[in-house]
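What follows is chain A paired twice: with chain B in the first complex and chain C in the second.
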Partner chain A sequence: MRAQDGNKRLRFGAIILAVLIAILFPRFAPNQFYVHLGTVGCLNLMFVLGLAIISRAGQLSMGHAGFALVGGYVSALLSMKAGWPALLGVLAAGLVAAAIAAALGWIILRLRGVYFVLVAFSFGQIAVLLALDMSDITGGANGIVGVPPLSLFGYSLASKPDFYPFALACALATLLFTWMLYRSPFGDRMAATAENQRLTESSGVDTHATQVIAFTIGSGIAGMAGALSVHYFRFISPDSFTFWESVSYLTMLVVGGSAGAFGPVVGVLVLTPLPEMLRATQGLQHIIYGAVLVLCLLFVPEGLSSIPRRLSQRYRATPGPDTSTPAGTRR
Partner chain B sequence: MSLLQVNGLKRVFGGLVAVRDVSFEVQQGELLGLIGPNGAGKTTVFNVISGVLRPSAGSVRFAGEDISGLPANRIVRRGLSRTFQAATLYPDATVIDNAVRGTYARSSVGLVNSLFPARWRAEAEDKAFKVLDVLGLSRRAGVKARELAYGEQRRLGVAIALAGEPKLLMLDEPVAGLNPEEAAELARVLRRVKAERDITMILVEHHMRTVMDLCSRIVVLDHGTMIAEGTPAQIVANPAVIEAYLGKDTSHA
Partner chain C sequence: MSMETILAQTVVNGLMVGMIYMLMAIGFTMVFGIMRIVNFAHGEFYMVGAFMFAIFYGSYEVPFALSLLLAIVTTALVGLVMERLVFSRFRGNELNGMIASVGVALIMQNAALLIWGPSPRSVPAVVSGVISFGGIVFPWSRVVVIIGALIAVGLLYVLIAHTQLGRAMRAVAQDAEIALAQGIRVEVIFPLAFVLGVALAALAGALMAPVLSVSPFVGLAPTLKAFVIVVIGGLGSVPGAVAGGLLIGLIESFAGTFMSAALAEILQFIVVIAVVLLRPQGLLGRKEREA
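Our next item is the complex of A and B:
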């Protein structure tokens, strides 16, 4: 259909434009703080996409920050104590987080619904407590200071404007991966499992393995993103990734919408700068933030990214004669 | 050749014996009815055969191989599909996507399919459309499953199971909750499916007319035990069956 082709081309053009704006963003930014915010947004996008992949298969991970914390410590320690290049440390962080998720998931994903949420939550808490307790390795509550910056082909990414393009590339790669995953047969099985696990199982899909794999992939991404952010901030402590970070990733996912790969982008774009914009209102900051969340949940429960689809459905539904006759008007 | 052999099947829930010593065979191409009063253990037998529950004792052999205790998804991939009692489908997906998800049993995830999903999807939709066509749902392909009428939802449930190209299809009360016309329509469709695709079927059903109409042989369960087996005519005349359904005549007048 031609209209569909045109629609596709339009969407493709919009994506190219958005990527261009994102690449050129530091040039427009009035000061370094905006670049910093952009970098944080890119890292947030990776976290939220990881969470989105897990939720695509029908599970809610309230321990997402725990995997980020593990990843952060792994990469920080490998690069400081073992002298690994930071980039290799980031990869190792992803693998370690994924391995833990696979082992944990194999056991706990047999639990349904609220039990998985509780165990995942406990994992996040335990990760924080371990980081506090194993002070001879992790530095305890003081954390680890002076983590080396990332370097790419001998070029150090220590400054904010240097790190931003790398963070953006990582975020876009994750986004592309997520998009392809959702379109793949495996992604379809994930969505089917979330919607009706019993029926999917009796369509020949090992739904337990499907959920474990989704949990492994999502948590692995969280581990890598956690490591990246540690090399960016050059610092990690048990407070870097707590339960509240898990909550904030979940909030971004819900506000943006979890139906497609682009929902998290919207959620991150809205919620990363929001607290900064509200900072001027001082005491009202948290109240307004909360009000925005409640309004979103009330009026766009499927997320902000569902608005265009809803509008187009309404637009398509209005033309043509109204066939339904309201009760009482019939003669 | 017997496609399915159930031998001395037993299933216990805590102290309750839901099914005890049930044995029967299903021949290739047959349509077997499994009937019995409420709580007779029909659905439990279904769940054990399809791998949703493990048997406490006894064995299930399908196409000559022991499948007892295998997980449900592996049993389906061997060619034994089932439908569920209530309308079990993906309510927020379109009818065609529902049927596509039924084809999972016959496709692999694969790296090539993952990188280039267009061909996989086209093939799956092709298969799905054929199944929808058989069940008279192809005109509803673009509609969300939750928007279908109840009778259509039941047919979609059968379509999802058929899309997996089973050798043996187990239907759990397919006409429950349908009005007489819809029930007759579904019975017609099932007969056609059986003829066209050479699928062996087991039918759990309360609706006596459908059972008598469709089935060539009937197994009767009561309180977890098998009380009769035979052709519809034999079953109707069997005193044990009549007693199970209507109660014993105690007035020795």
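Our next item is the complex of A and C:
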């Protein structure tokens, strides 16, 4: 008991320290590029957490970037053509993405998981194609340039150092929300649905509704994060959020681990700077990215965040012969 | 141009595109039916097939039929390597197998980008001129695609329906464990089915190479079509893939000619949603037992 108490305090301290480091990060970053990378990391964390929530309920959305694209266009158009404040546009973006996900999810999630994957992927592709084809609204392949920056209580967040704290706050809020969601009774229903849908259904849980709600929440987060990044980059085009963005969020989720709320943090921290570090390899970077994904699936299928737990389990398991399982079955 | 000519050409275009989609969808649905892997890299094999054909036929001027064969064989070899290195390790793990296929797609597309560069290359036409039939003219190049695809589907039908190997493949698709108990060498059927699926994708890419241009990015669009068709036709159903492929090809051609490309995309998505709502097992699929 004591040890566990201390463990909890240690973990709490580590989280506070990590948040402090994240807040003070721009102060000791060597130049603005690192601040930019930090902002991109915060936005990535929101995308990956959205994907993690969907996967917590046992589904995999290969059209995640499609919802980001929809959100991005909604907010960009509302703030430019209708003159809405950018922050309101971001909220609207989240709502529109969530509404589409709810309608789509209600229809497809009645089928086996594979169909969901196929239709979600198709949605992402069609969102890109529509953005290209409906050029009188979306500007076609050229996209929309000069999207207004976010402003908070009349204070503009146009510069990189100003945007970073806001992005961090949004990412941390999403992380806290995800953590609380996982610990709530609804979180238990999500996890149970993923574990064994039929058994969960027969214990009186509406697994269809559970998955639809998870998909709605996760896609809504993607829509908001997409809108935020459009106001940060001040630009959106059909190329902003393609299938390959969905792939990169998925890679971060797999590499970090999707079991808890903190797996995505690990994945984002490892994989956001990776393309920059590999820039010198000239085009090999995406190949390495793909290889990391496959190797991770083969050797650490539960993600990097599972390593400490696995190690401590092994450490605990070594002393004394384990009588509960036959020798051959132990890993 | 008279209305009949436009109509006839729209039908021929729809059939041609539909045939290509059909080849893609058959390969995809076969690999899923037998190996239970949703292969996101399927379109990348289409891309490799198109490049191989462009190299043999365009650069080395190998005769057409031989180029086609060489493109299929080389791409199938790439497929075999991928199956051995990656896919065989995820047997029985639907989710991770699918994610791994995304990694394979990422690797293949960027390797192609590194080797062949980003700029699209065109392949010389196989035949030129037009064929005139009852006063209506069609370009020969499109008719060649249709004939090539028809021959391939005919051969595939014979293979699946009338050979020992085809029976074994159908048995594994129905129940791998029982098939194993009946003495079918499942560990041979898996890579064979995968390579066969890859070969169909490669054929589709090679046939389309002279009609469209070839670049490392051409694989994603046919993958999307294969997915749409497979949902419409029923996952794992080969007749469903045939019917769905032709349907989507014709929708695309007609909506593209008489309305707009954007409308064609929306229409396809609406068909998908309608099928899922009204006939969840797909047009020609059978109700699937939940595993």
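By our rule, the second predicted complex is superposed on the first by the 312 of 331 C-alpha atoms of A that agree within 3 Å, B and C clash if a C-alpha of one lies under 4 Å from a C-alpha of the other, contacts with A are read in each partner's own complex, and residues count from 1 in each chain.
Operating definition for what follows: a contact is a pair of C-beta atoms (placed from the backbone, for glycine too) under 8 Å apart; a residue touches a chain by one contact, two chains touch by 3 or more.
Everything quoted here is computed from the prediction, not taken from an experiment.
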item: Contacts of A:D188 with chain B and chain C, given as first, second, both or neither; value: first
item: Partner chain(s) touched by A:A173 [first = chain B, second = chain C, both, neither]; value: neither
item: A:V114 touches, of chain B and chain C: first, second, both or neither?; value: second
item: Residue contacts on chain A - larger count, chain B or chain C; value: C
item: Which of chain B and chain C A:D206 touches, first, second, both or neither; value: first
item: Partner chain in contact with A:L129 - chain B first, chain C second, else both or neither; value: second
item: Partner chain(s) touched by A:L250 [first = chain B, second = chain C, both, neither]; value: second
item: First (chain B), second (chain C), both or neither touched by A:G290; value: second
item: Touched partner set for A:R198, first chain B, second chain C, both or neither; value: both
item: Partner chain in contact with A:A18 - chain B first, chain C second, else both or neither; value: neither
item: Chain A residues contacted in one complex by chain B, in the other by chain C; value: 198
item: Residue numbers on chain A that touch chain C, as the complex places them; value: 60, 62, 104, 107-108, 110-115, 117-119, 121-123, 125-126, 129-130, 133-134, 198, 243-244, 247, 250-251, 254, 283-284, 286-287, 289-291, 293-294, 297-298, 301
item: Chain C residues touching chain A - in the complex, by the definition given at the top; value: 32, 38, 40, 86, 89-90, 94-96, 98-100, 102-107, 109-111, 113-114, 220, 224, 227-228, 230-231, 235, 260-262, 265-266, 268-269, 272-273, 276-277, 280, 288, 290
item: Sites on chain B touched by chain A in the complex; value: 50, 52, 71-74, 76-77, 81-82, 84, 88-93, 100-110, 113-115, 117, 120, 160-161, 163-164
item: Residue ranges of chain A touching chain B (in the complex, touch as defined); value: 180-181, 183-186, 188-189, 192, 195-196, 198-207
